[in-house]
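Take a look at the structures listed below.
Each of the two complexes below includes chain A, the first together with chain B, the second together with chain C.
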Partner chain A sequence: MFFRHWNIRLRVGAAVTLLFLVLGFAVSSFCPIPDVMAWGSFPKSRPPGGGHILGTTALGQDIFWLAVMSLRNSLLLGLLTAFLSTALGVAVGLFSGLRGGAADRVATLFTDSLIAVPNLPILILLGSILKGRIPIPALALVLTLFSWPWPARATRSMTLSIRESDFISTARFSGEGTLKIIAKEIFPFVSDWSVASFTNAILSAIQTESGLAIIGMSSNTMPTLGTMIYWANDRSAILSEQWFWIGAPVVLVTLLFIALFMTLSGYQAYATMRRGK
Partner chain B sequence: MVITVKFFRFLLSRLAVYISVIVIGVTIVFFVPRALPSDPVEAMLARLLAQSDYMEPEAVAAIRGTLTETFGLEGSLASQYFGFFKRVLLTHDFGPSFSQYPIPVMELIGRALPWTMGLMMATIALSWVIGNAIGLLAGFRKEKWYSKALESLSIVFYPIPYYIVALFLIIAFAHLIPIFPLATSVRGRGLSFDHIKSILFNSFLPGLSMVVVGTGWWVISMKTLAGNMSEEDSVNFARLKGLSEHRIMMGYVMPASLLPQITSLALRIGGLFGGALVTEILFSYPGLGMLVYSGIAQNDYNLIMGAISISIVAVATATFIVDLLYPFVDPRIRYT
Partner chain C sequence: MLHLRDVSARYNLLDSYANAVDNVAFTVGDNEIFGIAGESGCGKSTLLKVMYDLVRYPLEISAGKVEIEMLGAGGEKILIPTGEIRNAWWKCISYVPQGAMHVMNPVSKIKYQFFDTIGKHRKTGNRRLLAKEIADYLRELELAPEVLDAYPHQLSGGMRQRVLIALATFLSPSIILADEPTTALDVIVQRSILTMFKRVQRKVKNSMVIVSHDMGVHYQIANRMGIMYAGQMVEIGPTDEIFERPRHPYTQMLIAALPRIGDNSQKEGIPGKPPSLREPPPGCRFAERCLFAKPECRRAQPEMSIVGENHSAACFRLNSESAGGAGLWGAGAAGGKAAAAHGGGREAGAGREAGNGGVVRAGETTTAGQPNGKADVRGSGVPGGNALEIRGLSKQFRIGGMIFGTKIMAAEDVNISMPADRPWILSIVGESGSGKTTLAKMILKLVEPSGGDILLRGEPIMELGKDRPKEYYKRVQPIFQNPFSAFSPRKIVDTYLYETALNLDMAASRADAKRMIGETLNAVGLDRDAVFGKYPNQFSGGELQRVSIARALLTKPDIIVADEPVAMIDASLRMNVVNLFKQLKTAYGVNFIYITHDLSTAYYVSDYIATMYRGNIIEFGRAEAVLENPLHPYTQLLLDSIPKVGLRWDDNMALPDIESREYQLAGCKFAGRCAFAAESCRNSRPAMREAQEGHWVLCFKYS
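Right after this comes the complex of A and B.
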């Protein structure tokens, strides 16, 4: 099998991530409830059992399906943001690294500054004005604004170092065509990096959105893992000891982040090993 | 310190980033309320009036005036834009707070700022030192069992966000075992023992949640750096010279690996600040995050705009200061 050489971190991380993807995108399509966020759909604050696997919230929502739909939206947001910011970042980084000169200096100054601008205060300002009415694609665009500089920075430095490296010159002098050089020599580096960068972008997008949602500054009417924690907190689920309500999103968020990060760091170790082979 | 061409160049490039961070950040804050379809001033005013039972007409007029000014809606776009910068950087005049009328917004910010700064400086310093010490040891002695255990531990802890750790700590130490308060309440004033004790007591859980999460990243990155550094020729040479392992670690591996960690610290301050804001809100800690949060709850837009603009300038300044530490640690920038 192709994952024979995967290390334990990568295996566990990828397996759990896959499980989350299945739960978020396959299981969620069997959701029997038209609107999981609707209040009073079911009897309130029920313990698990009786048709509700994880019980119901104090607002009369089914905890299991609410959590599944929240996971779906969080994953969707993460994937969309990761895709947009990687595409934009790679484009700017390549341009900056290949062009050099004044254009490179301006682009680098811009990306470095955008990395240093604290994004959460600005997102809070936006959220406070929009009062929880941001649809997922718009939220993804806003998060992209702050996450593309990281891949841009990495792509630029990779472009610079690969362009100057010995093995490229060796390949060129031994008569390899440009396309073959890109496919055989450059692509392995870039693809290893892009898997890591993409995973990292998913992670930070979901993390930022849930941080924003927990203080009520994301979309309060749309289920995401952060929003679910927000409502549980807002209705004192801790004080009334409704552990499944606060626990489900907390456990999902924690496991998802650990799984994504294990995939990321396991993949990096795996890629280093494979290159060294 | 001798000022050399290299040092001067370094200073200029950092200064350029500093200025550009403030310009970009403040520009975004200036344009966000403008991206809305409706007039923000009238919308805010309507929301504000709907909320309070009765307001003096003079107070309403005063609020309309400062709101217009806060959003910088007077005059041409260019003059609005420069007026906004002038307020953020020079006069710091964001008008009165609506929720605590007529206290100036800047006074409220001034009260909250030391809490956030204190919490952040203490937790960042603690996690940086602890994380780098653990990472150095783990990277230098890669093959030892404890180094592998520490790495696994930090890989599990690092990706857990602040707010989750904060929730865990609230459930564990403020609810199940009620040692610490659910919300901050500080007793005493001035430099009395009671006051300081009360501040430390109230800051313990928020601080702990930030240190627990913050440390992981430094362990992971320092381990990689120290691990690579241990294989350098200079370290092999030191070994052949017969230096003790301890001296090699402290004198060769540590200085070289700490350099990128300072740059990395500068890059992460903005993100750490965001984490501090959320943590403060979850613990009702009286810093900038809580101030912005209460401002949002009461539609106090003078307060929100003021606190957010000031926090961008504060974060940019902190980043700049950390950047400036670099030449003091790296001899290559000071000499030659």
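Right after this comes the complex of A and C.
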């Protein structure tokens, strides 16, 4: 099988991540409740059982389906942000690194400025302006704005060192254009790193959103793992010992982080092994 | 004395072993320099590590041991075996590693590195006294004691290497091991380091073991030497014996392949490549490449047998045929001729056989032909006629910041014009930092000149590159120093060949390109089926360099710029690549610019030679004229510093100062190092003069 050479971290990490993906995107489509966020749909503060796998919240919501829908939205946000920021960052990094000159200086100025800007205060500000009305894709775009400079910087520095290699000159003297050189000569060296960066970006996007949500600055209309924790906290779930309400999102988010982290570090070890080092 | 008792060592590769040292036995006597020669990957560095007891995972000793034999205080014999040798480091045995760049602590001054090392092995007591003692010792070795207060990065590579030698010898160990001590250093620096080794050895009368791939180095300093091949010692003997009466076919071929200045005869490299150390063949390891291999050679391994006084070799021919003395082989060059006469099919590729004889002969006549008067260092002004014309080319680099930075002239007012009527090979020689690579990069448009013009058949390359880049790539092609970095390790090499053929409109279709690539690969002695579908790491250095040459040839260029194309290739394969240049010059009518620091291959291959010194061309002319009768003192110094086989250096000669780093702006740049420098040399610049017909020199002596 293709995962024969995978190490244990990569196997466990990938398996748990896959489980989360199934839970978030496949299971969620069987959700019987039209609006999991609606208050008072069910009797309040029920323990698990009686049609509610994990019981209900103090607001009368089904905890299991609320958690599944939250996971779906959080994953969607993470994947969208990670995809956009990695794609944009790697593309900008490759171009500015290979082109050099004025284009490079402008791109570097831009990325460095964005890195220097503290993103959390700005996100809180944005959140408070748009409070409750920001849809997931728009939130993903905002998060992308602050996360693409990192892959751009790293890719640029890799490109700068690869650019000096003789095989880039060989490719030029073979009549290859800049685009082809980027795609065929440089990208193969960046691709392994991009996968790791992508995973990392999912992590940090979910983390940032959760952080925002916990202080009540994220979307109100869509359930995410962060908003679920916010509401549980808001209605003193811990004091009233409603462990499944506060526990479900916390456990999910923790497991997701561990799984993604294992995938990331396992993949790096695997990539190193595959390069034969 | 150092005894090696049937030592075998291997690298543990988890799924297999690489048997880097296989059953090696010899003794290094007191008061001698023992040289170990062999191509890269033959296990010579590993052997040195085993001798120094630097054995750690994944290296392991699988059989035998190394013993240091010493006389104790009461005159009794003390044996220090493997495992205990590390307790005797620095005091009894010391090691000068390869690459002095990486073995010194970059954040600590040289003197503290001396203190640290010496303090571990001797009660140091008063630091000031010790510092004085070290300074005295450095002075004895003709090193300025000021280096003690310097950081490693402030010293040049040669100086660092000399400091390391001083450190290694300070406690007068009875055995000193040196791993490629002069590799990657310029010939002039190399000479001073080798002379230093010899002088130290003569003074201390200890044993030295020097590993080098350069046979010339061994000829200059070793008393006895061993030749290694694929992890085994194949021949051991006194240096003169080895060079005059080599007995093992491998040694004979190595020596026959050495290019020498003044010797125009055809040289052949050794075909094929060494066997894998993971699964070595059951028989003689050289059998695959040997011209005399018989079936028995492939079945069993030959034992070392005595072939002369202190001289032994491992070859079945020496056991079975009672061919005494020189009956089998003449010395040196004669062996090469016999080898050349022996067969046409020695090259790996089939295609070479056909063209071999005729092409080579044609190449020789060109070399010996009439001097072509048009090659010139001034603009000779044939409009549109010259294949290459360089006019007043200069390049400045800034080092350091905007305010405190200094300017370095990597090229200054370089003028060359080369004719178009007959293909030529122009060698550009010089030490590192002389600007030869910058010049090559400017011709390749990889570096933009600060001033001046480069014209190809009358067209400036900057405009040509801008307006018709394809046309430029068709006319000029590069060959890089390291073939393994000239191809992406993640792509199969044929992609580059196809790209060149198709992108530059050399072939109309993929099928057409395939046919063309096949023909070109044949021309460089490779077979298409042996090249296609392979990644770069599946080739040997020599083979991959041929692929690189084939790619450059696909466009049928005017000029191929080859920057140190054989520097990374084993000596045994080097001549194959160099010979190729000669053949292709006539077969394809392509001109070569051959950048090198190796004057002997330059002499062997080129029609014209330009010597560069700190950005200036200081001598230019036909290869024989420049190298047989050098006019500029620098060219003379370079030539004297080549470790030549057949002519030993005078060890007592005062060595020229190699460390003058100032870039004088007023006078001749070489004046600081020149033995003939007069007052005028320091105050004004000489101009290029035609000292003899077609032989130009930048020196006041000839004005």
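Everything below uses one rule, namely that the second predicted complex is superposed on the first by the 252 of 277 C-alpha atoms of A that agree within 3 Å, B and C clash if a C-alpha of one lies under 4 Å from a C-alpha of the other, contacts with A are read in each partner's own complex, and residues count from 1 in each chain.
Operating definition for what follows: a residue touches a chain if its C-beta (ideal position, glycine included) is under 8 Å from a C-beta of that chain, and two chains touch if they have at least 3 such contacts.
Nothing here was measured: the structure is a model prediction, and the numbers come from that model.
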item	value
Chain B versus chain C, judged by how many residues of chain A each one touches	B
Which superposed partner A:185 touches (first chain B, second chain C, both, neither)	second
Partner chain in contact with A:176 - chain B first, chain C second, else both or neither	second
Chain B versus chain C as contact partner of A:26, first or second or both or neither	neither
Touched partner set for A:18, first chain B, second chain C, both or neither	neither
Partner chain(s) touched by A:124 [first = chain B, second = chain C, both, neither]	first
Which superposed partner A:167 touches (first chain B, second chain C, both, neither)	second
Contacting residues of chain B [partner chain A, same complex]	16-17, 20-21, 23-25, 28-29, 32-33, 36, 40, 155-156, 158-164, 167-168, 170-171, 175, 220, 266-267, 269-271, 273-275, 277-278, 281-282, 292-293, 296, 304-305, 307-308, 311-312, 315-316, 319
Chain A partner contacts - residues on chain C that touch it in the complex	444, 446, 469-470, 473, 477-478, 480-482, 485-488, 490-491, 495-496, 499-500, 503-504, 548, 551-552
Partner chain B, residues of chain A touching it in the complex	9, 109-110, 112-122, 124-126, 128-130, 203, 207-208, 210-211, 214-215, 217, 229, 233, 238-239, 246, 250, 253-254, 257-258, 260-262, 265
Of all residues in chain A, those that touch chain C in their complex	165-167, 169-176, 184-185, 188-189
